[in-house]
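Here it is, the structure, as structure tokens.
By written order: A, B, C and D. Residues from 1 in each chain.
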Amino acid sequence: MKSNTNVLPRPLRGIIPPLVTPLLDRDTLDAAGLERLIEHILAGGVHGLFVLGTTGELPSLSYRLRYELIERVCGQVKGRVPVLVGITDTSFVESVKIARKAQDAGAQAVVLAPPYYFPAGQAELLEYLKHLTPELPLPVFLYNMPSYTKLVYEPETIRTAADFPGIVGIKDSSGNMIYFRRLQSLLKDHPDFSLLIGREELLAEAVLFGGHGCVCGGANLIPELYVDLYNAACSKDLPKVESLHKKVMELSNAIYNVGRYESSFLKGLKCALSCMGICNDFMAEPFHRFRRAEHKVIQRYVKELGITPER
Amino acid sequence: MKSNTNVLPRPLRGIIPPLVTPLLDRDTLDAAGLERLIEHILAGGVHGLFVLGTTGELPSLSYRLRYELIERVCGQVKGRVPVLVGITDTSFVESVKIARKAQDAGAQAVVLAPPYYFPAGQAELLEYLKHLTPELPLPVFLYNMPSYTKLVYEPETIRTAADFPGIVGIKDSSGNMIYFRRLQSLLKDHPDFSLLIGREELLAEAVLFGGHGCVCGGANLIPELYVDLYNAACSKDLPKVESLHKKVMELSNAIYNVGRYESSFLKGLKCALSCMGICNDFMAEPFHRFRRAEHKVIQRYVKELGITPER
Amino acid sequence: MKSNTNVLPRPLRGIIPPLVTPLLDRDTLDAAGLERLIEHILAGGVHGLFVLGTTGELPSLSYRLRYELIERVCGQVKGRVPVLVGITDTSFVESVKIARKAQDAGAQAVVLAPPYYFPAGQAELLEYLKHLTPELPLPVFLYNMPSYTKLVYEPETIRTAADFPGIVGIKDSSGNMIYFRRLQSLLKDHPDFSLLIGREELLAEAVLFGGHGCVCGGANLIPELYVDLYNAACSKDLPKVESLHKKVMELSNAIYNVGRYESSFLKGLKCALSCMGICNDFMAEPFHRFRRAEHKVIQRYVKELGITPER
Amino acid sequence: MKSNTNVLPRPLRGIIPPLVTPLLDRDTLDAAGLERLIEHILAGGVHGLFVLGTTGELPSLSYRLRYELIERVCGQVKGRVPVLVGITDTSFVESVKIARKAQDAGAQAVVLAPPYYFPAGQAELLEYLKHLTPELPLPVFLYNMPSYTKLVYEPETIRTAADFPGIVGIKDSSGNMIYFRRLQSLLKDHPDFSLLIGREELLAEAVLFGGHGCVCGGANLIPELYVDLYNAACSKDLPKVESLHKKVMELSNAIYNVGRYESSFLKGLKCALSCMGICNDFMAEPFHRFRRAEHKVIQRYVKELGITPER
């Protein structure tokens, strides 16, 4: 019997970390690291787990490995929290295939950014969603990530799609808070539609003003920090929000800004997990793990921030 | 016995049409249309065939269908011209898999644009090529397509990669002739490195000044027009070049500019093939075939330009 | 005697509306409208006035008119609040000239976005600031407006420039709150450096978490709304903040989104002021005032939102 | 008596160098250098002179200096060739003012890129041209320079504007030859409308296939090279075209690619003129002249290419 008999909360609320994908090499999971990482994150009290997002290096992984990952994650989470699976793809047919694998494995929802090669217009994106969502066996979160996909789901597109059966929320990783605020306004009559912010630096303000939660990469490292901040924001405890938000910014400024690549976020995160002894820091092409000099900087930050596995 | 015992000419020269992928629906090839289209193109005297490019809607197709397409094309071409297979993918592992399928099917080369989701830098792209090319069983053409991939292979990157074993040429679809001229300068000591222009509107000038050939979508419609223009440019027959170039521009201005979508090129091309009775005009998501009004415009142009199957 | 004997508060805090420039035609100020507009705004209790920003159509105005505007505004404000004058220009020399006019007229500070034609790098921008600021007779606010200038002052550039004599703050209109939060982190040891958010939709969260104030276009229409929200955020009165923020979003969603031009913000704002009977809605090229259909929509919104001159 | 009694040829054909602006400092012309530079260029047999373009650092110069420059250039050219004056500005009123100065000084035409701060749409650009051109006392060349202005005059916009009284041609500096070829197609019934290519690397092919001439920065250095290439292309002398085109590419690859700034073109050009003893290499902000290391590289290239003043 599958664990997706679990009900997905509507709206989904809370901290849903985008799982880092531990790798031994470009096509081999670090299975032991994955197990440790999942238990580390769940111990922090998170409210869900998002596999195969940008943080999980989705587009760089083979389909075989994606399927193995979905199986392993669902198998280990065993319904303790909802599992959301990224099915973003340039190919409609492949998106449907992964969604079915996700259902079979016991996941609770799928996450979908726009197909990211061809320059589709908003009308074409809406038609794409209209064709695709009936084929998907699980509830769908849209995913706005314009810096990588180069296509935006415009607020009015989201507003229209929110009435399609099966579309239950959005994860916005644009960093553009005006976009997020505009979504809130347009969807104020859809109380079940989940508005998740995709950037941890904006978790505090997003939740304080009505957002439902956050997909935050840093929760791979210190899940309880983000859970505590989420709870403080929900209970409008401003002094606590400010103090925890400050810690979130410290981690972000340190771990995500080494080397000043556009990919520093990903490299720093995986490197820090390796410094913590949780998993391997191998990265699939086109990226590579931090070399020695950058590794040392991350190691120092990990110590300074006190994010050691024993804490 | 496989047909890729055929030698790939070095440099590859001439007209290499990027094959349209005829579809009955999003995951079903129009097999009869594909057969007609291949014979129509080969009858025009082209020098190669490029399957699974942007014109072939590569990123929108399932892997199963890509493999079927490769098999069918190679099986029908039977070594009459070299077949080049697009292996561009965000995943290293999937690129290798398609390249092996291409070899098994008897293709002569593969074509590779940068992985197009993550913002890789030039150093990372070079490292990607350094890791990937030894795994590929066939010669590699690089593919510059910045408007879709959002990543450029900079001229100096191409210059460096031209010395990697197995990299034998580039197809430049940027439309930026300064880029193409700069490549020619940087590679003047690599006479075997094939410099192909990816835009038919620039075929005349590219070849007249030392380019080796053209990957031109219009050659799905009237292959002999582009072959004639290529030959006229090779033999420096300027009056003939000018007269044929004018016809190329007429077709381009008519067929590729209906509706003024960024995707008008693709939609017009497939629609015209359908008007000519060659194959179905179904398009995979995120696009859709032209609706009635636009179809009528294309039909009129097909008549005016005289591109009927019986010509 | 000049009014800039007034001390500019350090850091400058509060609501500093970017003044709309009332015009009768492309080179004639609507002097009566300007007078009404200034008094309307000052009556709302604002903390400063910013002339010649993007909202003031700075780049579209002749220098003669810019000078006349500076004179008139300073002459009428008479030191009641600090006046900040936009000196952004592609020409270093013209920026200095306007800054001197501003000082002569009695303004308290100048505001400077990057020179916006040539693709300068961050090192060149820093050098530009190093050369320019000693020539400026008034304190300088930097102005981050990447959607229009296409050049960003990167956070590290701001951090370095914050130590240049005369640079006293930044107005960030990017809408990217991660940028703003990062600035706060980098400048935490510069308590006198003013961090102003340039988008009213983000006023609440910016000030609640340590920002000093907001340059908000809507304060041309209802200044007291933004002043009240600023005060509520300063005193951490969350329920009041939420209720006023909701009104800010209502205005923004209504007035700034008619017609869905990239310039809808400017056109809607000027049209609403005209509907309120405050000033003319003429716009300098390349824009033009809303035509009848859009004007009617704005008129309806002005009524619904209750922003009438008599309120 | 003014020299603009000279008739401007329709269409204007040939080599029209974009004049470098020799400076002693940011607001002082190098008057002697300017005189030398003009005589050096005219001695090469060029067909016109374009002052205040991108190459002339137009946006970085004060209006006072722009006016002085126009006076000096027209005064020295004395009608020997037509003088075209750049009037591109974000302010309509300032564009008209410079155009009048140009007429007073005896210039033959003006050159106009889109106003480059606000995001105007194509309909707004057309309306802008409709309002502006009747106010201009001289014939107008449009100027397509999207990498700097971030606004394109789309081909259909040019087609429409070509029927406005006073608009006599376009200078296209996009580097996108498909754009240029499309313009030729759209304007084939406007034989008097001048189609000038703005990139010297494309001079050969532009003129060979019907373009009327080239605005080439390198003609500040070796005007006769470009004049010879133009003549060879006009007379369809392919071997000569190829040999001269090769020299053009050598100069471009050497002089314009030192340091790999986006501004390397401008810096290299001015540095080379200084190495040749023609004029000062001071650059207005936001740029600065090449420092010693880069200066040495340019000096070496100047020698190798044989572009010495005595040649």
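Assume contacts are C-beta pairs under 8 Å (C-beta built on N, C-alpha and C of every residue); 3 or more make two chains touch, one makes a residue touch a chain.
Quick caveat, the model's predicted, so the values are computed rather than measured.
Chemist: Chains shared as neighbours by chain B and chain C?
Modeler: In this structure, the chains that contact chain C and also chain B are A, D.
Chemist: Taking each chain's centre as the mean of its C-alpha atoms, give the chain farthest from chain B.
Modeler: Between chain B and the rest, the longest centre separation is with C.
Chemist: Using Cα averages as centroids, what's the distance between chain A and chain B in whole Å?
Modeler: The answer is 36 Å.
Chemist: Report the inter-centroid distance (CA atoms only) between chain A and chain D in whole Å.
Modeler: Taking the mean C-alpha position of each chain, the two centres sit 50 Å apart.
Chemist: Could you list the positions in chain A whose residues touch two or more of the other chains?
Modeler: Chain A, residues with two or more chain partners: not present.
Chemist: For this structure, give each pair of chains that are touching.
Modeler: Pairs flagged as touching, ordered by label: A-B, A-C, B-D, C-D.
Chemist: If you look only at chain C, which of its residues touch chain D in the complex?
Modeler: 26-27, 59-65, 90-94, 97, 114-121, 124-125, 127-128, 131-132, 147-150, 261-263, 284-288
Chemist: In the complex formed with chain C, which residues of chain A make contact?
Modeler: By the definition above, chain A touches chain C via 175-179, 181-182, 184-186, 199, 201-202, 204-205, 208-209, 236, 238, 242, 245, 249-250, 253.
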